[in-house]
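Below are structures written as structure tokens.
Shared between the two complexes below is chain A, which pairs with chain B and chain C, respectively.
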Partner chain A sequence: MNGAAARDGRRFLARSSFIEMAARERARAMLDADTFRELLGPFDRIKSPWLPLQGIVAQADDGVVLARGTLDGRPALVAAIESAYQGGSIGEVSGAKIAGALELALGDCKQGRPVLPLLLLETGGVRLQEANLGLAAIAEIHAAIIALRRHVPVVGVVAGTVGCFGGMSMAAALCSRLIVTRQARLGMNGPEVIEQEAGIAELDASDRALIWSLIGGEQRYAVGLADALLEDDAATIAAAVRDAFAQGLPQLERSAQVEHLVRRLACIDPLRPPDANTLRRLWGEGAVN
Partner chain B sequence: MEEIKLDYPARQAVLRRVHVGVVGSGDLEVLLEPSPDLRAHVLITTSVDGYGVIWKHVLDRFFERFEGAASIEINDFGATPGVVMLRLEQAAEALRS
Partner chain C sequence: MSTQQCPERGRIWFEALTGSDGVVECTPRSVRVADAALGGEQTRFIAVVPDTHNRFPRARQGEVGLDEACALAVHVRRAISADRHRARRPIVAIVDVASQAYGSCEELLGIHLACAAAADAYASARLAGHPVIALLVGKAMSGAFLAHGYQANRILALDGPEVMVHAMGKQAAARVTRRSVAELEGLGEKIAPMAYDIHSYARLGLLHKLIEGVNAEAPGQADVERVRAELLAAVVDVRASTPDLASRLASPAARQTRAASIEVRRRLAEQWDAA
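On to the complex of A and B.
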């Protein structure tokens, strides 16, 4: 083995994979050491009343871990979604947990006690079994993010490998700053849904190279829909999260750059959708828009 | 979906709460906490029906060595007996650490 390969190997082994962590470990890994304090944990048993009625076993925390703690000594709130439970889907309870926590953080911000909100998004979007109740909760999450970012930056992380889809991809897009890894995916409809609804000629969901070239973290970063592209390492991501908060409020939130976004849409012909490289040329750094 | 309740004698008080695992495919979560009496109580909710005998075998074996007066809630999403035992052992280990 040559020197460079050996160095790569050592670096790889020294990493602590964020992707492989469950939601609770992820939240803990982001906060300053020994400051993690969970809100509405599993022993509070605030779980879905709807899933057991449909013959599905409910998890005691409904798949969302809320934690207070600090980031570089500043009070913070982390909401981490557990992707292994029901695809990280947002139901009435899990959605209300996130929305309620964000609203409490907003209350603190308004009283001059800023709380840094961090969203660890790993979700297929709304939980279909809870339908409108989940969607209503997601709308509350959107509203809370928009209200909060007048006071503090709202930072999101999409690490993969589930990614972030549906209504929650809008939550990601509303974040002041979004951090992704190469393994992340970010999009409105998931590839399986598109294939199922529009046919395999439209999109082959099993073609991983194609899927990641279109909605993968690297592409989303290259076309300006994410602010940082990182290795799958918990310490690297934790440092980037601190950096994202340290930068303070953006001059203009990405989702508020309406004219810029309209110009972007205007340069795309829906009858001839661009491939991944063309989109990078149209939307990437240095493009005219 | 099926619920199974099992009871076991205990010798030691349990002083802490422990949570391990996730209700993901082929996995389960275990919530272990002090029981209100000096016995151990297990409440299993499983997505797979008809395996009550297997569950009893697995828990019988676990309680051959575990003597804590614990209330154990198991939320299972189709874990194999091996995975169930690993999660129970993980909970017992977390209790000791």
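On to the complex of A and C.
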């Protein structure tokens, strides 16, 4: 084994997988050591009022971990979605936890006490068992992100392996900066939903390689729909999060770059849609857009 | 879905409320924009309508696709910049959107960002002081509604069997939750947030007003005047309050059905600063 390969091997072994962590560990791994303080934790027992009516056991934190702490010594808020519970879906309570915490951060920002908001997004979108209350909560999350971004950057991480879908993919797109891994997927409509609504000829939801090539983290980064592509390592991601906040507010938020989006779409022929590689040439770094 | 079933309510109400006055040239043709009078004040009306010639095949039935979401963002932002140094015109989103466009091309091209750009524009208009009103005249579904209407200061809906709000179409929702459509409908009768109809939605407390007794499909002059009056009243109400979405938690219905949303916020505030 040559020296470089040995170094790579050691680095691999020294990594601490972020993807394998549960939401609470993920939030803790992002904050400065010993500053994690959970809000509305499991002992507060605020559960979904709707799941028990449908014979589903409700978890005591409704699948969202909120924590205050610091990032490089600056006050921060982390909202981490637990993908192992109901697919990370957004119900009334989990959605209200995220929206409510962002609203409180906004209140502090308005009073001159900036709070850095970090979203760890791992979610299939609306929890269909609470359908319209999940959708309403997502609209409130969008509203809070957009209002907060006037004061502080809002940073999102999609690490995998659930990915980030539905209305929450819009929340990811509203983030000032978005960090992904190769294991991440980011898309509006989940592959199963597209297959159901548009037919298997449109998309075969079981073709995993195809799906990752369309909406995987690497592709999203290559065409400018994410700002950083990282290895699955908690320390690497924590450092990138600090970088993202240190850069301050972007000149123009991604979701406000409307003329750029119009130009990008103008060069697409929908009757001969580009494949993933062609799109990298059209939209990737160095392309005229 | 055949073209006969294409939702035309967006077009019908757009034309009824604007009288086709002040139409703003728009690409794609599936997004209709006009600046027309509402109670003597110039108001921007915006609708997404079907266009069977849409260049994106998955956006021909009135869906919010890539171009539509982008155009919504463009035309809302143009109103914001034009009014930067004068009175902020009201913006009315006429909502009849069956879904966002479902397609692999749409996903590759990032329809999530296009929809986010539209939501961003509407929310930015609201924060800039434009009264933003969503008028639900047909379907208000999922990501399409998030992009076109859900960032409004106030949501108004016509009362009628075809007016509905939901997170996912029935067939797909049944597949994802591994239930039959009949089971899903049964649950909707017991559990208000799972239902599709506008009466159940009204029970959630998110609606500013359910406008009853109006012919939603073929409105007469009296119907149109009635809706105009309600839009005007909503604009007045918005101008007298904060530009956030707090009113969605303040109604008597919200205090009952969204009690958990309110309780979460109350207890979060208690715990926000360390003891």
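In this section, the second predicted complex is superposed on the first by the 283 of 289 C-alpha atoms of A that agree within 3 Å, B and C clash if a C-alpha of one lies under 4 Å from a C-alpha of the other, contacts with A are read in each partner's own complex, and residues count from 1 in each chain.
In this section, contacts are C-beta pairs under 8 Å (C-beta built on N, C-alpha and C of every residue); 3 or more make two chains touch, one makes a residue touch a chain.
Keep in mind that what you see is a predicted model, and the values were worked out from it rather than measured.
Trainee: Putting chain B and chain C on the same copy of chain A, do they fit or clash?
Mentor: fit
Trainee: Return first, second, both or neither, reflecting whether A:Asp72 touches chain B, chain C, both chains, or no partner chain.
Mentor: Neither partner.
Trainee: Could you tell me if A:Phe43 is touching chain B, chain C, both of them or neither one (first, second, both, neither)?
Mentor: first
Trainee: With the two complexes superposed on chain A, say which partner A:Glu20 touches: chain B (first), chain C (second), both, or neither.
Mentor: neither
Trainee: Which partner, chain B or chain C, touches the larger number of chain A residues?
Mentor: C
Trainee: Is A:Asp8 in contact with chain B, with chain C, with both, or with neither (first, second, both, neither)?
Mentor: neither
Trainee: So, does A:Ala256 touch the first partner chain B, the second partner chain C, both, or neither?
Mentor: A:Ala256 sits against chain C, while chain B stays out of touch.
Trainee: Which partner does A:Pro274 contact after superposing on A: first (chain B), second (chain C), both, neither?
Mentor: second
Trainee: Taking the superposition as given, does A:Leu203 touch the first partner, chain B, the second, chain C, both, or neither?
Mentor: second
Trainee: Contact-wise, after the overlay, does A:Ile194 reach chain B, chain C, both or neither (first, second, both, neither)?
Mentor: After superposing on A, A:Ile194 lies in contact with chain C but is clear of chain B.
Trainee: Minimum C-alpha distance between chain B and chain C after superposition, to be given in whole Å.
Mentor: 14
Trainee: Of all residues in chain B, which touch chain A in the complex?
Mentor: Per the stated touch rule, the residues are 1, 17, 19, 22-25, 27, 29, 31, 33, 45-47, 73, 75-77.
Trainee: Touching chain A in the complex: which residues of chain C?
Mentor: 55-58, 66-67, 70, 73-74, 77, 99-100, 102-117, 119-121, 123-124, 127, 142-143, 145-147, 150-151, 165-169, 171-173, 175-177, 187, 190-195, 200-201, 204, 206, 244-245, 248, 257-261, 263-265, 267-269, 271-272, 274
Trainee: Name, in rising order, each residue of chain A that touches chain C in their complex.
Mentor: On the chain A side, the touching residues are 37, 39-40, 44, 46, 48-50, 53-54, 66, 68, 92-93, 95-97, 100-101, 103-104, 125-126, 128-140, 142-143, 146-147, 150, 166-167, 169-174, 186-190, 192-194, 196-198, 202-203, 214-215, 219-220, 223, 225, 253-258, 261-262, 265, 268, 270-271, 273-276, 279.
Trainee: Quick check on the complex: what are the chain A residues that touch chain B?
Mentor: Touch residues, chain A against chain B: 22, 41-43, 52, 55-60, 82, 84-86.
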